[in-house]
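I'd like to ask you about the structure that follows.
For reference, chains read A, B and C in written order, and residue numbers begin at 1 within each chain.
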C-alpha cells in the first residue's frame, strides 16, 4: 500500500543554506539529482546525478568554475547539463547532455520541479512566508525517514498522536479529546484541519518559552498543500484573554525520496522571545527531540507494515478525516 | 526447500519467567504477538501485536492497569483484545478489536495456540514435567537462529553430529559409531530415536559434574513431539553397573518465528548434584557454549542453502532416519 | 545489464601463497569452492565446498591428513572428492562424492577450471611470466569489489580515467588527451589497446621510484586475455632518449565471484630498483591506494546502476573502443 508519487509538482529539495559550492546529492521521487550553486551569480543548479557516459554519480565529481567534471573519466557539463568536454577527442556527441531541473528559491527553501519542465511554473509553489520573515525566529532541520511518505502525511494531519507519542512533550489530554473540523478542497489540493482548545493544559515547553502560568487557549490550524508543504499555525494565549499573543508557525516539507524513503524537513518559527538565544537553543533541541519521536515511530511502523501480508486492513475513525482527505488528493495528483 | 509451518498447534512462546508486566514481543509462525501478564490475577495474555487503527506495534505501548494503550494514537484494548477507548470520540467502532490468542502455562513454559481458537485444547500440549519437578535442577536459555526451523529439527534428531560439531564437548567417537533405532508414530506425530552405548568414553563435562571416572554406559533416548517439543532422556552410569544413577533431561522447544527464523529454547535438567550451585553454573555456561556451536553452524548452513540453485540435492544415510520421519510428519501437519 | 559468466574457462582463484594446509573458501562464477594443499606432495586441491549430506560448507571443517572431515557429521572426502567415511555405518553410498575442480599453478597464481572438466587444458591458460621472473620484483594484493565484473573490465581497458579518478597519482593530462589504438582479435579473445605518449609529464611516483627528472616518453600497452587475465605493459624513459629503461608489468586477474561480485587480483612488477626494499614498500602502499580508488568508485557505480530503471542508456565515445570489444568477446564466450 505504498503511496504513489505525484509528478509534475514542486518539491522542497533542500534548505537554501544547504546548497553551495560543494555538491549536495538528493534523490527526489526516485530521481538522483545533484545540487550546487554557481560561483558567478550564486544561482542554484539541479542536474541529473548520472554521467551520460557510464552513469557515474556526478556528485562524486568536482567543480571547475561553474562546470561539473565527472570524477571517473572527465566528461564535463555546464549548468544547463550540456556536455562541453569529453576525453580523448574533440568532437562532443550531440546527445551528450544530462537533464537539468527547474529550481526556485522561496521562503528559504530550494524547490525543484519533478516532471515535464515545460509545465514548471513557480507561481504554483505554496508559500511559507514566516520562514523568511524578520518578525519570526526559526529553528529547523531535516531527518530522512525509512517510510512511505504517506505515513508522514498521516502523522502530521492527525495531531491526536501528540497526546500519546509526544506525551509530556507537546501533547496534553485535550489534544486527543478535542474534536476537529476538517475541510478538504480537493480541487485546489488543500486540506485544513482545525482543533481549538479553549481551556487546556499548557505543555511545559510552552510555559518555559512564553512565561505563561496556568491554563491556555490553544489553537491548532493545519493547512496541507499537497503533496509537499504542511503548515501548522499554532496560537496560544492565557485562558480567558483575547488576541493570541504567541504565534508559532510549524512548517514541514514532505519530500518523497524513493519508495519507502522520505525527507522530513521541519521548521519551527516563533514571534515571541525572538531576541532570546537561550529560548532559540532550547526550542531547537526540544523540537528535534519531538521530531525524532516521530522518526523512530515511523521507522517502526514501516517495518511492521513491511512484514504484513498483502491484504492488511486499517480502521479509520473521526480523527483520520484529514489524513484520508490527503490520501484521496495524493491519489488524484499521482493519477494525473 | 523451506519447511512449511503447521498451524492449529501449540507452540512454546516464552519461558513463564519472561512474561510479566512489561511487554514481550515475539513473532510466531509469522504472526506478531505481544505477551504480558495481568496485574490482578497474574494471567498471561497474548494479543495480536498490531493496533487495528494504523498497524502500530502494541508492544511499543504502555500498560494502563490491565489494558494496553497504543503508543501512537491511544487506542486502548482490554485483555480480550476488545477496544475500550479511541481518541476524539465516544463511539468505539464495533470492529475495533485485535485477535487474542489462547495461552497455557505448563512445565514452566508459556504455550500459545496458532490457528483456529475454537480448536485450542490444552490437553494436546505435550509435557516436559521435569522442567518443574523439584527433584531436578534446570539451566536454560533461548537463542534465535536465522535458519529454517527444519534445520534445527534435523540437527536435534541426529546426534551423530555431537562427535564432530561438539567434539571435545558432548561428543565422543561412540556417538557417531553406535547404530540407532528409530520409531516413528506418524499418527501421533511422535518420533523416537534411541542410541545405547554400553562401553563408551565419558565426556569430560559428565566426569566433572558426576564424579565418574572411567568408562560409562550412556543411553540417549529422544522423543520428538512434532512440531515443537523435543526431549532427550539421557542416562549414564559407570560401565558394568546397573540402574542409571545420573539422569539428564534435555528439553528443546523449536518454535518457528518467520520464514528462515526459529526460536531455539533449550533447557538441561539433572537429578544429581542438585544442591551444588557450582555444578549448576558450570552446566549453564557449558551447555550455552554447546548450543552456540549449533547456532553458529545452523546460521552458516542456512546461508549456504540460500546461495544454492533451486534444485540442490541432499544425500541421506542411516543416521537420518529420525530426521526424515520428522520431516514427513511436519509435512502432514502443515498440509492439514 | 549484468555481464554473463563465461564457463569452460580458466580463472585465477588465488595466489599460490594463499593456498596451504588451512582451508581457503572462494566462490567462483557462483560456485563455492574450498582450496587446500596436500601434505604429501604439496599439490593444490579444489573441491566443491558443500558436503553431499546436508550441504554444510566443507571449508568449515578440518583436515585429517589429506582428507577433509565435514565439521557437522563427519562425512570424509579424499582429494578426488570421493567420500571415504560416513558416520554410523560401514556402507558408503555410491553417489557420495563432491565435485573436484581441475587446478593449475602458473606464474604464482592458482588457476581453476570452471566448466566441463573434460575440456580443461592448461595450455589454454594465458601467461604472466614476469610474475615469477627473478628479474622483476612484484607487489600484489586482492580486493573483492561489490560490482559486476564487467565494470572492472571496462575500468581497466580505458585508462583515460587515470587522469580523473587517479589524478595526482598515476594520471596526468596526457593520458586523457592522447588517442589510443585498439586491436581486438575476437577469434582469440584478445583485446589490445595502446597509448604512446612521447612527451608527457612524469607522475611523481615514477619520478620517485626511477629518479627521472623532467618529462618522459610513456608507453602503455594493454593486453586483455578474456575473460580473466589483463596485462598492462608500461615502459617509460626520459624524453628524447631511446630504449625504455624502466619496465613495469601491471597484472590484473578479474575473477567473477557471484552476480555483482568480483575478485580483483592486482600485481605490479618492476625491473628497476629491484634491490631497494624502500621502493618496494613505497610501491606496495602507493598501488594499494590507487586500487582502492577504483574499488570505491566501482562500488559507488554499481550502487548507482542498481537504482536505475531497467532501460538506462550509456553513451560511448572513442576511448571506449577497447571496453566495447571486450564486452563483445565476453558475450561470445558466455554464449558458447
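In this text, a contact is a pair of C-beta atoms (placed from the backbone, for glycine too) under 8 Å apart; a residue touches a chain by one contact, two chains touch by 3 or more.
This structure is a prediction, so every number in the text was calculated from the model and none was measured.
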Steps needed, at minimum, to go from chain B to chain C via contacts: 1
Interface numbering overlap (same over half, different under half) for chain A and chain C: different
CA centroid of chain A to CA centroid of chain C, Å: 47
For chain C, residues contacting two or more additional chains: none
Interfacial residue positions of chain A with respect to chain B in the complex: 154, 158, 160-161, 163-165, 176-180, 297, 300-301, 304-305, 307-308, 312-319
In the complex, chain A residues that touch chain C: 27, 30, 32, 50, 52-57, 60, 69-74, 86-89, 93, 95-96, 258
